[in-house]
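Have a look at these structures, which come just after this line.
In what comes next, chain A is part of two complexes: it sits with chain B in the first one and with chain C in the second one.
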Partner chain A sequence: MKYIRSALHIVALPLILLFIWFISTLGEPNFFIPTPQQLVETFINTWTADRFLGDVFPSLGRLIVGIALSIVVGIVGGLLIGSFRWLRALLEPTLEFFRAIPPTVLIPVLMLLVGVGDDMKVSVIVLGAVWPILLNTIEGVRSMDEVLADTSRTYGMNRVNTVRYLILPSAMPQIMAGIRQSLSIALILMVISEMFASTEGLGFAIVQFQRSFAIPEMWSGIALLGFIGVLMSFIFQLAERWILGWYHGLREIEQSA
Partner chain B sequence: MTSEHKHPTNPVVSQSRVDETPDGRIPVGKTIPDEQPMLSVQNLKKIYHTDAGDMEAIRNVTFDLPKGQLACLVGPSGSGKTTLLKCIAGLMEPTAGEVTLHGQQVTGPPKSMAVVFQEYGRSLFPWLRVAENVELPLKNQGMDKSKRHHLVEEALDAVGLSHVPKSYPWQLSGGMQQRVAIARAVAYQPEVLLMDEPFAAVDAQTRADLEDLVRGVWQKLGVSILFVTHDIDESVYLGERVIILSSSPTIVQEDVLVDLPDERDQLETRSSQRFSELRHHVYEQIQLAKKGFRPEDAVAHS
Partner chain C sequence: MTDESVNPGPEPRRKTPETREEEAHRLHRWESSGRSDHRGGVPGRHAGGSTSAGLDVATRPDPAAPMSSVAQTGATGRATTSGPGRARRQRRRGWSTRLLGAAGVLGMLLTWEIVPRTGFVNERFMPPASEAIGGLISNFGLTQFWIAVLDTMHAWALGMVIAVALAVVLGFIIGTSPFLRRFTNSTIEFLRPVPSVALIPLAVLLFGFDIESSLMLIVYACFWQVLIQVLYGVADVDAVAMNTARSYGLGPVARIRYVIFPTALPYLMTGVRLAAAVALILAITAQLVIGTPGLGAEIASAQSGGNYVAMYALVLATGLLGVLINLVMRMIERKVLSWHSSVRTEVAA
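Coming up: the complex of A and B.
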């Protein structure tokens, strides 16, 4: 019963939106807005196995590599910068400067520096997605509980164990919050990076459809992007529940007390 | 009734005033001379430098802790007990004076020392289960797995928590969490165990149980314990000795030997004549300390 209800909660709004869409496209056919039935048909015809192999998978590959690099660079950099006061003092103003630059304006520069291939596209993703993870990790490391840190010191924890059992898990709630923000940034930048000097990819395909006035196809690509976003957030939530199980349990108890 | 009636009029034995320092002042807080001091605090001073100015948390504290002793350190809140303990534990550098363990100056957390903090909710790793919390310091030492598990099991058993090894600390009550922290310290097999008001935040019944637990652990392991508390009854009930700190700027106000029988019982001991005498004495000293009476002044003027 509980599951049926929560399932209803999840699908209720999409169903309502679908219904509104259905009603509002009942009248005169509109060139720019396909009906739901049209879109489903187009979707199936457009996103064939070939398209997936040629456009979707390369895009997803770059997205995954970009996110993975952002996570690694963000966490390692954040642990270092967060742990050493002098490094923080040295880097923080510079980091703020680079963070303020929208990565998309760097695309032309990157095209010159690293070419127009996958490297450039992955770089664009990392340049945008790394910041929330980096800054959140720094913040997480800095907000370390003093008593817990003293406890680790009294038990003579070595460096590796201190990072593994104290600093990393203690910063993990903030790190995960940073990763969540990074995911949507990465998806946007994946699309944008494919709009310049590209010959394949999901973003490239959508732009192609748009330029050739294949409007239903364009919408089907946008819908696919939406599905990818939903899938990413679903995977993230699973990972988060597994990694931060202790945190949610603790929070629940604190709130009920 | 019981043995304490044998010495109803005994004066409270103070351990202070044993010998003189070079400057002619008589130090307060020396131990019985023939015992080998394990831990020694010499003329320790701690000044905090803050934006608002300097704050002298500890003026001058000297005392020894012999091997195997259970000493309580009692003082009003704000008297620098936590500061003192952190200096002893090597977590904080004293402004002047020194702490030595086996004659070696303490400059960082010594290997053979464990600390139990007041904030049990913040001293256990919330992302590790109970048994993992107890195991971590041993793992860090590179102890092999079977030995580790044996020690963890034994320690959890000793604190009566062998039934919840897989729980997370935050799923347990406050008293149980503090037991986990004690189990972790016990499994670590320290020579010196420092405890900073460990039971200040648990309810009275649990507290009594935990006090007996600490005495039990102490008798079984032969570890030296320095137990910090602001509770006078607790200090007398638990300790073989009570070191009374003055209020800030802090010195040792008095050093009292607790001549209660080794076997203590919450009801019997606490209702005994001797207990109330000692309690009365410690209470008096703390009141004096709060009023600003300082033994060094009295000595200097006499």
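Coming up: the complex of A and C.
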């Protein structure tokens, strides 16, 4: 009974919204809004295997490379900057300025410096997505528990072990929070970077549909982007549960105590 | 779905005490609040003005933790670096830190100056820092530049107001009813990760180059940021405090005003601060991609016109604007939450 109720809670509102959409498009065909059946049909017809190979997979490939690079650069840089107080003081204002620049304005700049190929798109994603990870890692390293740090020093842990067993785990909750923000930025930048001087990719395809007034196709592209966003946040939640499982468990114990 | 997943935003609660001092301080407050509770027997005092103060001490040691602890940075909010310990440390090493920071900025500018001059990068594509900054300064004297800035800020402010108003109203309505929370959870979870830029083509179709298309993107992106925080804040209301308010006969409106609102306010301010940064990004992105007037459109035209010095100057201007918005939002947050323990301790320390 309980499961049925919770299942009902999950599907009720989406179904109601679908129904409203269905009812409101019943009458005169609206130019801007396709009917649900139309959208599903278009979606299946538009996003064929060809398109997936030509547009979606290259986009996703750049997205994944960009995210992976941001994570690596952000964590390594953050560990480095966070560990030395003078380095932090030296770089913090500069980094704050760079992260305040809206990442999309770097697209024209990078088009000049790097060209218009995949390099440019990946660097746009990295330059936008690296900041939350970098700054959160710095902050995570900085706010490490002093007792733990002293203990590990007293036990004579070497540098590698300190990073592996002390600094990384204690900064991990913040790093994950940073990665979560980076994911959505990366997705936005993937789309935007493909709207400039591009010939393939998801962002390009959607803009192309819009320019040729292929409205149901455009909606199907928007829906696909939505699915990708939802999928990414789902994967992230799984990963977080796996990586931070120890931490959530710890907090539950602390809270119940 | 469990209740956990209602609030997938960055974990707002303080996770670990930052320093031992802070922990001790917190314990101390806890004790003193206990004492004052024993002492106070006047019902009027509790039901009236002290509700919020009583709340934030007795029920949760540090309700404003979200602002200062966990990396709550949103798309571009800055990594949080406030907190009592930080304030104290900063005063001690304030000067050397500031000097080093200035040195860092200077070093960065110097690198930017030298790299194109030595021909490592084409000087035409990457003008030296001095030229870009010169372009920025000469921009300050141009009406066109200020009109672009005003256009950008206009879209930003309007979008923020609409998004925050919508999110606060809906957040309070949904948040105060457990049924509505469960009922809307799946839909919110599904719509939230949809990237707002996916709406660009739709915005162009519906509104063309008008400000409405920027507004649509800004409102969509900011709405979720704020809504999630408000939901989180409303859910954080302490049951004991709520029951106390009820037994003292506070009506629904008074409960919202004196119990729920003060609890949710720190969360709301966090959401607003994050949304402010996101709104700027989207305002400029919309101008850049769609061509609605503003700084983004200026950048696009400078780039296509081959006026690269102007383009770099405008990019610098957007960065300065971003820094400025961050600073102002932080100031507002501090002002609005001046009653709050987290801000108070920071000042007192």
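General observations
The criterion applied here is as follows: the second predicted complex is superposed on the first by the 244 of 257 C-alpha atoms of A that agree within 3 Å, B and C clash if a C-alpha of one lies under 4 Å from a C-alpha of the other, contacts with A are read in each partner's own complex, and residues count from 1 in each chain.
The working rule: a contact is a pair of C-beta atoms (placed from the backbone, for glycine too) under 8 Å apart; a residue touches a chain by one contact, two chains touch by 3 or more.
Owing to the predicted nature of the structure, the values given are computational and were not obtained by experimental measurement.
In the superposed pair of complexes, A:Asp145 makes contact with chain B and with chain C alike. Ranked by how many residues of chain A each touches, chain B and chain C are led by C.
Once chain A of one complex is fitted onto chain A of the other, the partner contacts of A:Arg153 are limited to chain B, with no touch recorded for chain C. Contact with neither chain B nor chain C is seen for A:Phe84 once the two complexes are overlaid on the shared chain. Of the two partner chains placed by the overlay, only chain B lies in contact with A:Tyr165; chain C stays clear of it.
In the superposition on chain A, A:Gly249 contacts chain B only, with no contact to chain C.
When the two complexes are overlaid on their common chain A, residue A:Phe22 makes contact with neither chain B nor chain C.
Across the superposed pair, chain B and chain C both touch chain A at residues 145-147, 170, 247. If you check the complex, the residues on chain A that touch chain B are 145-148, 150-151, 153-158, 161, 165-166, 169-170, 172, 246-247, 249-250, 253. Chain contact summary for the complex, chain C toward chain A: residues 1, 5, 8, 10-11, 15-16, 18-20, 69-76, 78-81, 93, 96-97, 100-105, 107-108, 121, 125-126, 182-187, 189-202, 204-206, 277, 280-281, 284-285, 288-289, 296, 299-300, 303, 308, 311-312, 314-315, 318-323, 325-326. Across the complex, chain B meets chain A through its residues 86, 89-91, 108-109, 111, 113-115, 117, 119, 122-123, 125-128, 136-137, 139-141, 168, 170-171, 188.
Interface residues of chain A, counted against chain C in their complex, comprise 6, 9-14, 17, 32, 86, 89-94, 96-109, 111-113, 131-132, 135-136, 138-140, 143, 145-147, 170, 173-174, 177-178, 180-181, 184-185, 187-188, 191-192, 195, 203, 206-207, 209-210, 215, 218-219, 221-222, 225-226, 229-230, 232-233, 237, 247, 251.
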